[in-house]
Amino acid sequence: MSVLNIEDLSKEFTVRKSLTRAGVIRALDHVNIELREKEVLGIVGSSGSGKSTLARLMVLLYRPTSGKILFDGTDVSKYKGRKLREYRSNIQMVFQDPYASLDPFHNVEWHIKRPLIINGYTGNVKDKIDDLLTEVRLDPPAQFRDKFPHQMSGGQRQRVYMARALATGPKILIADEPVSMLDVSLRVEILELLLSLRDSMGISIIYITHDLNTVSMITDRIYVLNRGRVVESGSTKQVIDNPVEDYTRRLIGAAPDPFKKIEVD
Amino acid sequence: MKDNFKNRKILIALGLSMLMILSGLSFFAAGANSSGILVASNATSGTSTNNNSTLYLSPGPSPAFTNDFNPYNIWTGPTGIMGMIYEPLLQVNTYNGTVLPWLATGYSFSHNGLYLNMTLRHNVTFSNGQPFNSYDVVYTFNIQKKVVDGWAAIENISAPSLYKVTFKFYTPQTNYLFYIGCTAIMPTNQTWEQQTNSTGFPDPQSAVVTDPIGTGPYTLQSFSPQKIVLVRNPHYWQPGLPKIDKLVYVDYTSNSALALALAEGKVQWASVFEPNVTSLFVHNNPTYNHYWYPPGQPVTMMINDQTPFLNESYVRQAISLAINRTAICQIGEYGYEPPANGANILSQQLNFLNNTNAQKATSLAKFNPSGALALLESHGFKLNAKKQLEYKNGTLVPTISLMSVSGYTDWDTDITIIASDLKAIGINVVTTTPTDSVLQSDIGSGNYQMALDTVTGIGPNPWYDYSGLVGPVTPIGKTAFVNEERWNATGTDFMSAYNNFTLTGNLTLQDKYINEMAGVMLNQMPIVPLVYSGDWYEYVNNTIGGWPNQANPYWIPMPWYPHPAEVVVLHLYPLTSKSTTSGKPISTVTYEYIGAAVVIGIVAAVSAVTYMGKRQKKRND
Amino acid sequence: MIITAIPIKYILKRLTIFIGVFFGALTLNFVLPRLMPGDPAEVVYEDLLKDSGGTLNVTYLHQLESEYGISTTKPIWDQYFTYLNDLFHGNLGISISFYPTPVSKILEEALPWTLFLVISAVTISFFVGNRLGRYAGINRNTGKDLAIDLFSMFMAAFPAFVLAFIMLDVFSVYGKLFPIGGAYSSSVNMGFNIPFIISAMYHAVLPVGTIILTSLGGWVLGMRNNIIPNVNSDYINFSQNLGMKDYQIKSIAYRNALLPNLTGFSMSIGLSVSGVIIEESIFSYPGVGMYMITAIDNLDYPLLQGIFLMVIIAVLVGNLIVDILLGFLDPRIKQEGE
Amino acid sequence: MNEAISINNLTVGYHWENGFSIVIKDFNLDIPNGIIFGIAGESGSGKSTLAQAIYHSLKYPGEITSGKVIYNGIDLLKTPKNELRRMRAMDLTFIPQAAMNALNPVKRIGDQFNDVLEAHGKNFAEFQHDIIDVLNMVRLGSEVLNNYPHELSGGMRQRTVIAMALVLSPNLVILDEPTTGLDVLVEHDILVDLKKIQRKKQLTMIMITHDLSILYEISDQIAMMYAGEITEYGDRDTMLMSPAHPYNYLLLKSIPRIGVKKYDGIKLTGNPTNFNEGNKGCQFISRCPFKTYDCEINHPVLEKEKDRTHYFRCIRYPEWMKEQG
Amino acid sequence: MSKIQENRSIGNFRGEFVKNKLINSLKKLLKPFGLLLANNKSKAGFVLLMGMIIFSIVGVFYTPYAPDAYLFKKSLGPSSSHLLGTTGYGQDVFSQLLGGAAPTLMVGFSVGILGTLISVFVGVLSGFASKRVNELINGIVNIFLVIPGVLLIMLFGAYFLGLHQNLGYLSTVLILVITGWAFGARTFRSVTLSVAKRDYILSSILVGERKLSIIFRQIIKSIMPVIVSNFFFTAMYGTMGLTFVEYLGVGNLNQVNWGTMLYWAINNEAYLVGEWWWILPPAILISVLMFAFILLNFGMDEIANPALRVFQTKKHRVKA
């Protein structure tokens, strides 16, 4: 069963060239993507491939030029107001930069409390916060509740942010390069956390990255995006082992690996 | 190579900024050529005179002179200057009523005042050589009558002969002698049309005359917004006059600038209000620097006579008694403006009043708060415990608003004094200071309670003083142009005396009517006179003599007063023996070059130091 | 993703903003005086009546009203279109306080003086201020920096008109170094001749100097605050790492800090015009400021509107020039609007 | 002399609101000539500070309190400012982090090349050939000379920066995170180019980055830094195949690689730490799974492994290897 | 938490709560001052401003003589009975200075508060609104920025003078607020635009926060130093503006404040006749007040813009 279906989605940005002429940049070109339940889906592409635009379209921070975004079978792409908020509570996004995604003027508790209150959580808010913090392995929660973002490391922030995203009770979590700004030693833990969240909370995850190493580690299926188009898709193993497209092959070749050595001459 | 290029860049930048500044200046060059600001006419450089005497004068501060010498607008533009170029039929001293025959040698009323006949002077020519005669007079009045509806009381003007003019009124109007006599006479048709570049009857109000032609002692030599130069009219009809060859009107934009110029002798004749006249002006050069501030029109406290409480004459009298005019004179007016009398007439015209009226005029203007209270109490008012004035029934009298003009600092001070004086007799006053135009329109439309203003008319006797005060009562909300205090004179014999006055030329009869009017005025006090406004007049007698002053008040002395100023100028003469250096513009020029050199030197030094520093740094690197 | 565009586009964009603001100001100019109380025709009529000794007929009032186009019977939009129509024909009406001089004539005489003051003051304080600010920024946290900072702050804090009076007092009245007023000496003839130019510049020293002193602070502190982050910027670091000379580094930092400071020009022109308007009356300088005060006192709508219009056009054109200049100086701006 | 540059007892710190804190303490390292020497470290390890300190370009609030950086027999830290300026770009050069913003935004690339030449008293016309050469080396055409920086893509800007730093043929190149923020494909290409240039010109390159993968891909020798200290250094293959310090070992294990689904055993936990002056023992102690009481007491020194140019700072080697199994 | 501890905490709950609340509110009260004391520039400004405030409070309750009464000989020089002499009208200058302090400060602060409120409202709204609203507001702000302030002050001043109502300082404050809000609005607009693009604001949108909630809970907090800095800037404009309004004669000149003192002194040519004690004290006090505002404004700027910040090296000299 698929939770999110992206059908024929295109996004164009208009750029005014002069008073009368306008240029069009096609960031996404008839993209079709299917996200299945409890699946970790990878979207891979180099910069400019449109993968970040896609993420923002999925949470409707941008509106599509054409095409549909089907959530549980209904097109949400024109939602506004209450319906939009309702949809967004089902689909959350983790940002790339953990140093920018938390409000420096509020503490951890506030960050998790707000989505709970907004989405009408009826239980004990304090307990729920502790639960969520434990869920993202910030243990013991009491130690973190009153901390401000600047008092935490990048990895901890990213976890707090995940707890905030989970507080709305989403069915889908979009992770846009969630580890690229983190130190090497912290990356694996965050990625494993994503996997464990899928297992424990039953959410589907879209993992967006340019890094084939991490993609191969956690995803079940991947879509390869190049210049706004899906050039290749399939199960992760199949795509990486037998890439069809030249672009995919180049991506695999460029993926950094300590055991490879660049040899010249 | 590269370094040289860098230096060139700096030079280019410097050059560019100089260019920008110069381009700002070049506006003037362009402006001067295209708009013809520079008007050079009647070049008189060839005229030889004994001792090239020049008088520098300023009619008072203004932003700039306007290039318009339209004789109809004798009061606008460079005020007073028109009197040197155009002349009236009669010269009237509005202080004391003295009349000098001028372009007219004589006048007489006939048919019981219905006709005014004027005999004109022979051998008068305009500055362009055209002879002056009755056609010019008829033309002058007709153009005003026909085009702008002026002279409404005159039925027609005719010229029985070349040197006789007859004015026919609808009803006898002996008071018109003053108005007619003081009108500047312009040359006929053709010249006027040439001057204004129009044909037929142009609107004399809005026509612009840049090349004036008149019978006066001076002609225009050059104009610029900061300086107007007049030179002797070689055709002037009074032999041997004027004795001063050149009049230079210099524009000063503020009181203090003009006062400082006066103190340094850069200007020798001026009319400027200066709060520190002794310390700034006189002390600078006590031998030559003098001032005389004869009292002028009264500054009055306008009262809206339609306002409840203020509509009672005894209330207005009480207010007049409660005001400390000496304090106003000393604090608000720097001691320059003496307290006014209660009859609303000029100080110089007090001798028109009989004893009763004169005494009453004095006593009503005397500071007497207890008298004021007694007067109010006699009409049932009383002071309560909080020292507030109450009606008989115990209600408080209303709070009254009092306006003066924002920026007229003396008046603004005066109203605070008045407010505290009235507070002493229990009347609460709120002061506001709107702009002049707002105040004028408020007074005009009756939308006020009390306000400072000068409304007294100008003329050779008290009838003219009253002419601005009386008239039909305009309803509040409609604009009134006379009787702005909305005084209802019916029930008094004021209007009959006022109207009868204009029917007779008999001086004793006129005196009688004047005293009747003054009597009513004192009884009713429709407005409250405060102090006489100062007719500011300063002169420097280092190179020029013959000035009117307190000892010899032969004529009205202010340079802005069009026709009287001409009389004064004709009395002036150069003092050959006392020629001193002060007031010579040459000194300014040298200062300027020194100043400019200093500025350029500083700029050069700074840029040289910067440049050297830069090179030093580059070499060090 | 980069779309390269020609500067024409940028200029056009600026022009549209210019026209928009211009019309806004034009409308404001129309509305504001009409909000003010009083009727100009009556004011003129009353003056003329007094001068003529009461011999002027009332019918002339109606003639005046039609002359001023402020008939009370016409609807407001009709007046607005008449106003616009008149404007485009260069007809600014007749001044009330200087009746019957046309407003355009007054402006023709006054505006050049004001422009002269504003242009000189803004250019000089721009150059001097930016240089000082650069010096302070580069010598950050030294005594020199502190001295310059405190001086410019204090100058900005001192009431400008009081400073003007003090300057006048010290340099003209007691020092007798500079004239007490006027735009040029009465002994020279106006025109494009050397004595006149020298005289005009000499008379401008005090007013311009005062405006420079009071407006310098903004440039100095702005430049200082712009250049400090610049000194630590990546490209400065890289330039230093490539062994560039001090003067090269300073000029790179200066040029990059200058660009954001240039955008402060619009504020500065407005401020300088304000300063000039106030100081003209103090230094008895025959620019629009002098007329402005007279016009307000006499409720001289046409003159007020004319002055307003001219000042706004001058400020807008100044801004436009700076904007366009910026477009050429800063290559990044060419792609603005993405 | 075999060393391109040798660093002796370098101590560097920063001023901040609450005082002065040391980031690098008593740092010693000799870098041989003609190789690519990689220095790896996570955030807080002081690697960027080290790069700037070596180049003597550290700015306030950073301050070098003691130590020497010997290049060609002279101490860079004691060289007069003007002398050092002349050496820069001529003898040794620096390619900065965030190279995207390292170009002056308001000047054309050509003019910026000219500025560099002018600073060293060289003539643009004479060097035109070299400029085109070096541009070609980083796969750019001479047409970029007419461009403004904002007209180039990120990769091209980075290549321009490299070209500009190399135009005067320096011997020693310090690269501080030269590929951070670039696209994977571009990153790979640039690394290849850098290596080519190094080999062709026989330069010494000091490459400093947090990204272990690319460091291992390109370097000949590698040093690992942790909290202001070197934990281990040696030849690339030695470091990769037989790490002697737990940090290096665990870090290598935690790098995700294609085809490696999950990894088991002991994991690296906790967060990277800064230099801690109060810590008398091993700086890595808070994250080390193999620590003993000794580690808390004794500050380990850099030891050399027998027969090999392999240094490490761990008192428990090789015992911890056995514990790990 | 053990049972005993729990009981005790319940018993003390009320007292603790009140105490905490008190401490918290005190902390909140002092928090803005903490911001003001964060660097040397603002510290100096704060001290100066405090001095001014104390001076003005004294003036409200005590002046040696009635400030506006014409009680003495004119133009007396400073003496023991008249510390700063008398005016050309015979008023005591020191009394005027003391009595005029409170209104002067009041106008400055009112303009600062009102102007900042308006500009925050307009600026944040336009920075966070739809593109069309944003551009419209931007256009209006630009118009107000382009028109030289003095023109507007004179026009509005003339308008208020024509109302024939004695509005006291209200008209002055209104004039200055109308002419002074635009600069702040532009600043807030650009700051808001940059804040609104940050991830943590996007995040709040995603979790369903409403716009107003984001503005009040997050944006206002983020731009607080800019708001405080702008408050001082606007207050400075207000003080400067008061002197302009009075100097141009469009205020109520019979009130006693430092602006009117200057007006009367200048109109009586105190500067020409050497009555320095009349013109200099108000001028200097105004510039000290403005100086305090400028220092605070720049101090705040340094806090809002960390690139300008500097640490005291001298205090923490390193022993090498």
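Labels for the chains are A, B, C, D and E, by order of writing; each one numbers its residues from 1.
Methods note: a contact is a pair of C-beta atoms (placed from the backbone, for glycine too) under 8 Å apart; a residue touches a chain by one contact, two chains touch by 3 or more.
These figures come from a predicted structure and were not determined experimentally.
Peer 1: Count of steps on the shortest touching-chain route from chain A to chain B?
Peer 2: Contact-graph shortest path, chain A to chain B, evaluates to 2.
Peer 1: Tell me which chain's centre, taken as the mean of its C-alpha atoms, is farthest from chain D.
Peer 2: B
Peer 1: What is the identifier of the chain with the smallest separation between its Cα mean and the overall Cα mean?
Peer 2: Taking the mean of all protein C-alpha atoms as reference, the closest chain is C.
Peer 1: Chain B to chain E: how many Å between their CA centres?
Peer 2: Roughly 45 Å separates the two chain centres.
Peer 1: In whole angstrom, what separates the CA-based centres of chain C and chain E?
Peer 2: Chain centroid spacing, chain C to chain E, equals 26 Å.
Peer 1: Suppose each chain is reduced to the average of its Cα coordinates; what separation in Å results between chain A and chain C?
Peer 2: Roughly 53 Å separates the two chain centres.
Peer 1: Per the centroid of Cα atoms for each chain, what is the distance between chain A and chain D, given in Å?
Peer 2: One centre to the other, that is 32 Å.
Peer 1: Mind pulling the residue numbers of chain A that touch at least two other chains?
Peer 2: If we look for residues of chain A contacting two or more partner chains, we find 48.
Peer 1: Could you pull out the residues of chain B that touch at least 2 other chains?
Peer 2: In chain B, residues 256, 260, 406-407, 435, 438, 442, 621 touch at least two other chains, as defined above.
Peer 1: Which chain D residues touch at least two other chains?
Peer 2: 118
Peer 1: Going by the contact rule set out above, which residues of chain C touch chain D in the complex?
Peer 2: It comes out as residues 2, 4, 232-235, 237-245, 248, 252, 255-256, 259, 329-332, 335.
Peer 1: In the complex formed with chain D, which residues of chain A make contact?
Peer 2: Touch list, chain A to chain D: 46-48, 153-156, 183-189, 191-192, 210-214, 216-217, 240, 250-262, 264-265.
Peer 1: Which residues of chain E touch chain A in the complex?
Peer 2: It comes out as residues 198-200, 202-209, 217-218, 221-222.
Peer 1: Give every residue of chain C touching chain E within the complex, in rising order.
Peer 2: Those in contact with chain E are residues 17, 20-21, 24-25, 28, 32-33, 35-38, 140-141, 153-154, 156-159, 161-162, 165-166, 168-169, 173, 221, 225, 228-229, 232, 266-267, 270-271, 273-274, 277-278, 292-293, 296, 299, 304, 307-308, 311-312, 315-316, 319.
Peer 1: Quick one: in the complex, what on chain A touches chain E?
Peer 2: 59, 61, 85, 88-89, 92-93, 95, 97, 100-106, 114-115, 118-119, 161, 164-165, 167-168
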